[in-house]
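What follows is chain A paired twice: with chain B in the first complex and chain C in the second.
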Partner chain A sequence: MTVTAEPAVGEEALPGATGPTPRRRTGRVRRIALPYLLLLPALLLELLVHLVPMVIGIVMSFKELTQFYIRDWGAAPWAGFDNYSLSVDFDAPVGAALLDSFFVTCAFTVLSVGLCWLLGTTAAVYMQETFRGRGFLRAVFLIPYALPVYAAVITWAFMFQHDNGLVNHVLHDQLGLTDSPSFWLIGDNSFIALLVVSVWKGWPFAFLIVMAGLQNIPRDLYEAAAIDGAGMLQQLRRITLPSLRPVNQVLVLVLFLWTFNDFNTPYVLFGKAAPEAADLISIHIYQSSFVTWNFGTGSAMSVLLLLFLLVVTGVYLVLTSRGRRSADV
Partner chain B sequence: MAAPRSFLWSRRIFLTLLTGFVLLPVYVMLSSSLKPLQDVSGKFRWVPSGLTVRPYIDIWSTVPLAKYFVNSLIVAGAATVCSVVIAIFAAYGVSRYRFRGKRLFTVTVLSTQMFPGILFLLPLFLIYVNIGNATGIALFGSRIGLILTYLTFSLPFSIWMLIGYFESVPRDLDEAAMVDGCGPLGALFRVVVPAAIPGIVAVAVYAFMTAWGEVLFASVMTNDTTRTLAVGLKGYATQSDVYWNQVMAASLVVSVPVVAGFLLLQRYLVAGLTAGAVK
Partner chain C sequence: MRRTRAAAASAVTVSLLAAVTACGGGSSTEGGSNDSPKTLTYWASNQGPSIEADKKILTPELKKFEQETGIKVKLEVIPWSDLLNRILAATTSGQGPDVLNIGNTWSASLQATGALLPWDTKNFDKIGGKDRFVESALGSAGASSSDPAAVPLYSMAYALYYNKKMFADAGISGPPATWDDLVADGKKISKDGKWALAAEGSNPSENIHHVFVLGKQHGADFFDADGKPDFTSDGAVAAVKQYVDLMAKDKVVAPGNAEYAQNQSLQDFAKDKTAMVLWQTAATTLKAHGMSDDEWGVAPVPVQSGSPGAETAVNSMVAGINLAVFKNTDNIDGATKFVKFMTSDAEQKTLNETYGSIPPVKAAQEDPAFNTPALKVIRDTLAKSAAPLPQVPNESQFETAVGTAVKELFADAAAGRPVTTASVKEKLSEAQQQMPKK
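What follows is the complex of A and B.
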C-alpha cells in the first residue's frame, strides 16, 4: 500500500542513497502512515455520526416504519418505493402538503437570503470607512448572531403575541394602521413574522463576511477611480460590487443552505406544528415523523430534500465557477 | 476622499434604523424581565409601570433552571472539547501532509455541513433506541447520546476552521522544530498549537455557542433529567398562563455567558469565520 502513496512533505530523495536501509524504511512507513493516523479519530467519528446514520436513513426510507416497529426497526416490512411515491403524489394529501411546504420554503428562503444580503451589504459598505462609533456599532450588530436562537426567537414570539405583544401595540394602538390587533403566529401573517425573525437573526452573518471581503479591496483602486472623476455610486458599481463577487458566491450559498434547512426558528416561534403559511420543510418532515409517527415517509422526505440540496448546490457551483472562469479570460 | 453630505445623512439614517431593529428585542427582553406579571400580561408598555427583580428570583424555582443550565454546560462543553481535540489532529494532518484521499476527506467534511439536521435526527433516534433495547445502554435521552449528535455539526465545522488557522501558521516553524529533534506530534503541540491558540479558542467558543443554542436534537433526545436550556425555557408556559417576565429573565440569563464570550473573542471569531469564505 505504502509504495503507491505520494511522498509526504519533507521527504526528499537523497541523491546517492543506495536503497532504503531497514531503519529508514520503518521511518518512511511511519511518515506515510502518519497523516492517516492523525485523521483516524476524525474519520471514525465522521463514520459514526454521519455515514452510518445516512445509510440507515436511506434504508429506513424504503421501510414501512410506523410506531409499531420503532423498538425493532429491522423487523419493519419493506415498502419498496411506497414512501417515495406517497411523498411525491401531489394529488394526495401527503404529497400535496409536502409540495406546499416546499414552495413556502423556497419563497421564504429567496426573500430571507435576499434581505439578509441586502442589509448586510449596505451596512458593510456604509461602515467601510472608519467613523466615530464604528467599533461600537459593529459589536451591536453582532448581538443577533451571538444570542442563543431560542432566547432570541422566544423574545420575538412575545413581541408577536396578539394581546400583549409590542408589534400589535405599535401597529394598532400607537400608529392605528390596523382596524383590530392582528394575529402574527397563526394564519397568513405567520409568514411575515417568520421572515422578520429570520432576517433579524441572519443578516449579521452577511455583514461580517462582506466586511471582511471589503477589507481585501486595495485602497488605491478607489483613489485611482476618484482621480478619474468617478463618484461614490460609480465606485460602488465598478469597484466594490465586482470585487465582492467571489465572496458573495460563497455567502449566498451558505445563507441558502442555512435558511432552507432552518428548523430552530419556526420551531421556537410556532411550536411543533407550524401554520400552513410558514410550514418550512424541516419542520414539516419533523411533524410527519415525530407527531404522526411515520418514520419511513419522514426518511423518504429527508432523502428527497438532500437530493434537492445536492442538485441545487452542484448546479450553483458549476454556474459560478464557469462565470468566474469566463471572467478571467 | 471627502464623502458628500447626502452620503453622510443616508448613512446616519440607515444605521440608526438598523440599530433600532437589532436592539428592539434586546430592549423587550431586558425591560420585560424587570416587569411585574400584570404588566407583561396586559397591553405592552414601553415604560414599565414598576421595576422588580422578582422574575430573576422566581425563574430558578418555577422550572429547575439550574439543572437545565448544568445539563447545557455539560453537553455543550463535552461536545466542544471532543470536537476541538479531534479536529486539532485532523487539521494538522490535512494542513501539513500530502496524502492520498486528502481531497476526498476535505470535500466530505465540507459537504456534511450542508446536510439538514433532520436527516440525521431520525436515524440517530432509531439507532439509539435500538442500541438501548439490545444492550441496555440508554443512549436515547442520555447526555452521551446528545453529545454524540452534537458532533454532527461541531466536528466538521471545527475541522474546517482549524485547517484554515493551521495553514496560516508558517510551515518553517514546525519544520524548524522537527530539525531540532521534535517528532511531528512534538511540533504540533509545542509549535503549531501555541501559535494557533487564538484560532483554537475561537473555534471552541463557536462550537460551544452552536451547541448551547441547539434546539432540534435537544427537543427529541432529552428526558426530564437531561433536558437542556433550549427545551427547558418552555416550562414557563403553563396551561393557563405564560410567565413572560420570567421567560424574558431566563432568556437573558442564558444569553449573557455566550454573548459576553462572543463579544470578547469576536476579533478572532470573525477572522476565522471569514477566512474560509473570503479566500
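What follows is the complex of A and C.
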C-alpha cells in the first residue's frame, strides 16, 4: 500500500516554479529514498527466492533438458518452442494427457473450493450463535487445519484402503451401501477420494476466515433487520453475504490457487503415479519432469500453468474489485 | 522515480542471474580432487528394515574404515522413495556426496548425466580388478558400450517364495516350475478369502521387474538394438497381458493387490492370506512379520514351459545396489579407498549377510553363509538365469511409463473391466509415445 502511495508524493515535489532549495531537496530525496533502502533487503531476498527460479524455469522451458544435460543445464541445446508445442499438441499422447489432467484439475478445483466455502460459511454462520460447547466445537473444526498435511493424508490413505480401510468397512460391511468393497485409491473413485481429503483439509480455513469476517458485521444491523421482520435466510442474503464480500473475494482466490496447485494431497495419497481420474496438474508436471527426466517439457508445462493462473487471477481481481474501486472514487 | 526503480530491479536481477547461472553450471572439478582428504560423505540406500537399522549396521563398519585410513565418513541413509530425486538434485547442483548407492537399474540413466566417475581399468585396478566381480552384476552397472558407472555392492534376484502350510492345505506337493503350473495350483488355493499369488500392482518399478522377465520369456526386450523403445511388440504385449491376467483372467491374484505399493504382499504372505510371492530376499522382512524360516520355501520364478531355450529361461532381473563415486568429489583417493573397503571380501561377506543379499564379489560369494536353501536359489538364478534390465539412458523413463501402464491395467482388472490384447497394446503405445524422442 505504501509503495503505491509513494510516487504521488515524489511527483508532487517535482513541479513548481519556486522549487525547494538544494539543501531541502537532498533532505527530501533522502526521505524518499529511505523506504526503498529499507525495502531493498526484502526485495533482494524476494528476487532470490521467487523471481530467479522462475526466470530459470522459463529459460529451461526453451531447452532440451534431459538426463544428458541436467548436470550442466546451461549447455543443453535450445529447443525453441518445441517443448511448448509438444505440451499443447492435444492430438499426441503428451498433450492429450496434459489436457486431461487440466480438466481433471479444473473440475476438482471448482468442486473442492465450492464445498470448502459452503461448509466453512455454514459452520461459521451457525457458530455465531452462543451456545454451550461452542468453543469446543470451534476447536474441533480447526483440527484438520492444524494437523500436518502429511500425517493427515497418510491416515486418509489408510482409511481408503480396499481390504482393510475404514471407509469400505463402514460403507460396505456396516451400512451395506455397496455390493462389494470399492477401490478408492485406484480407478475412477480416486477422484472422489481426493476431493474428500481436499475438502476435509481445506474447509477449516474457510471457516476461520469467514468467522473473522463475521465479527466485523455490526450486530445492530441484524437487530434492525429483525425488527423490520427479516427472517434468518433474508438476514443471511441481505446482510451477511454482502458484508462478507471482500472477505470472500480473498478467500475464494486463495483457496483456488492452493487447490489448483495442490501437490501434497495427491502425492501422499497416490504416490508418484496418480490414477488417471485423479491426475492433478501439479503431480502430472512433477511426473513429466522429475520422474521421466524431461525437465524441459516439465518447465514448459509449468510456465503454461503459471500463465493460466495469472490470467485467471487477473480476470478475477478485475471483476471483483470493479465495484470496490468505483466506490472508493 | 519509477524508472530508477525499474532500472535498479533489473540490475539486481541480471547480477543475480549471472551469479546463479555461474554456479548452476556444475562446472566443478572434473574427475575429482583431493582438496579434503580426511572426510567423505556417503549416501547409503535404505536396505534394512528401517533407516535407524541401517545406521546401526553401517556405523561400526565405517568406524573400521576410519581406523584403517583416518578418513571420517559422514553417513546419510536415504529412503528409496527419495533416493533418485536426491541424486538428481545433487547432480544438478554439483553439491552431492562423495560416494553413493544407486539402484542398479538406474545405472545407465545416471551414467548419461556424466556425474558419476567412470570405472575404467585403471580405477578398477585400484580396487582389486574387474575380475573380482560376478559378470551379471557388472552387466547392470552401465551401458555395455562404455566403462561401468558404478561398482556392484549388493546383488539380489527374484525368487518364488511359497507358504508351505497353505500349499499342504491345498494338497499341492511342491512349488510350480512353469506359469501354467502356477495358475493350476493357484486355482486350487484361491478360495475362501485366500489367494495364490501376491502382486504390488500400484508400484511401477515392481511391475516393470516382472513384466521385463515375462518379456524375456516371450522373446521381447522393450528396447531395440539401437536403444529405441519398442513397447508394443507382440512379445511385450503378451508379457504385460500375461502378468495382468493373473488377476484379470486366471483370478489367482486378489483384486485388492491392484492398489498395493507398500510391500503389503509380504504381510499377506506372512498372515497365510497369500500362498506365493515373487520377491527379492524376503527372509528378513518375513521374520519381522513373525514368520519362522521353516514356514516358507523358495523356488526359482516360473518359466513358460518345462524346458525353455537359453534366452527364454530368464526368470529374474539382476537386482541390486551399486556403489558410485561423484565425479566432482573433493576426495577422489579417499572415495576410491572407500569403494575398495566396501567391496573387500570381508566387508562384502559382513554386509551382504546382514542384509540377506548376495555378494557380487566372487570370492565372498563362496562363503557358506550364502549357501542357505533360500540364498542358494537366488545365487543360482544370478549365475544362470538372470538378465539385467535394459542398460539404456532412458531406463528410468521406461520404468515409469510402462510400470504406470501396468498399474492402470491392474486397476481395470480390479474394477472388473476387460483387459484385452488391444487394451494392453493401446496402453503400451501411449507409454511409448511419452518417451523422449531421442
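The rule we apply is simple: the second predicted complex is superposed on the first by the 286 of 329 C-alpha atoms of A that agree within 3 Å, B and C clash if a C-alpha of one lies under 4 Å from a C-alpha of the other, contacts with A are read in each partner's own complex, and residues count from 1 in each chain.
Following the convention adopted for this analysis, contacts are C-beta pairs under 8 Å (C-beta built on N, C-alpha and C of every residue); 3 or more make two chains touch, one makes a residue touch a chain.
Owing to the predicted nature of the structure, the values given are computational and were not obtained by experimental measurement.
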- request: Sticking to the clash and touch definitions up top, decide whether chain B and chain C on chain A clash or fit.
  value: clash
Query: Is A:E276 in contact with chain B, with chain C, with both, or with neither (first, second, both, neither)?
result: second
Chain B or chain C, by number of chain A residues touched: B
- prompt: After lining up the shared chain so the two structures overlap, which partner does A:L48 touch, if you call chain B first and chain C second: first, second, both or neither?
  reply: both
Message: Contacts for A:L221 in the overlay, against chain B (first) and chain C (second): which applies, first, second, both or neither?
response: neither
Message: Contact-wise, after the overlay, does A:A123 reach chain B, chain C, both or neither (first, second, both, neither)?
response: first
Query: Now for A:L185: first (chain B), second (chain C), both, or neither, which partner does it touch?
result: second
Task: Determine, under the contact definition given at the top, whether A:W293 touches first (chain B), second (chain C), both, or neither.
output: second
Task: Report for A:Y36: first if it touches chain B alone, second if chain C alone, otherwise both or neither.
output: both
Task: Tell me which partner A:R71 touches in the superposition: chain B (first), chain C (second), both or neither.
output: both
Partner chain in contact with A:W156 - chain B first, chain C second, else both or neither: first
Message: Using the superposition on chain A as set up above, list the residues of chain A that contact both chain B and chain C.
response: 6-7, 10, 32, 36, 43, 48, 52, 56, 70-74, 163, 290
Of all residues in chain A, those that touch chain C in their complex: 6-7, 10-11, 32, 36, 43-44, 47-48, 51-52, 55-56, 66-68, 70-75, 92-94, 97, 161-163, 181, 183, 185-188, 271-273, 275-276, 287, 290-294
- line: Contacts from chain C onto chain A in the complex sit at residues 1-2, 5, 9, 12-13, 16-17, 20-21, 24-27, 85, 88, 91-92, 94, 109-110, 112-115, 201-204, 254-256, 258-259, 261, 393, 396-397, 400-401, 403-404, 407-408, 410-412, 414-415, 430, 433-436, 438
Statement: Per the touch rule above, chain A residues touching chain B in the complex are 4-10, 32, 34-39, 41-43, 45-46, 48-50, 52-54, 56-57, 60, 65, 70-74, 119, 122-123, 126-127, 129, 137, 139-152, 154-156, 158-159, 163-166, 168-169, 173, 200, 204, 208-209, 211-213, 216, 222-223, 226, 232, 247, 250-251, 254, 257, 260-261, 263-264, 267-268, 282, 285-286, 289-290, 295, 298-299, 302-303, 305-306, 309, 313
Task: Would you tell me which residues of chain B are touching chain A in their complex?
output: 1, 3-4, 7, 11, 14-15, 18-19, 21-26, 28-29, 32, 40-44, 82, 86-87, 89-90, 92-94, 96-100, 102, 105, 108-109, 112-124, 126-127, 129-130, 133, 148-149, 151-152, 155-156, 159, 175, 178, 184, 209, 212-216, 219-220, 229-230, 233, 244, 247-248, 251-252, 254-255, 258-259, 262-263, 266, 270, 273-274, 276-278
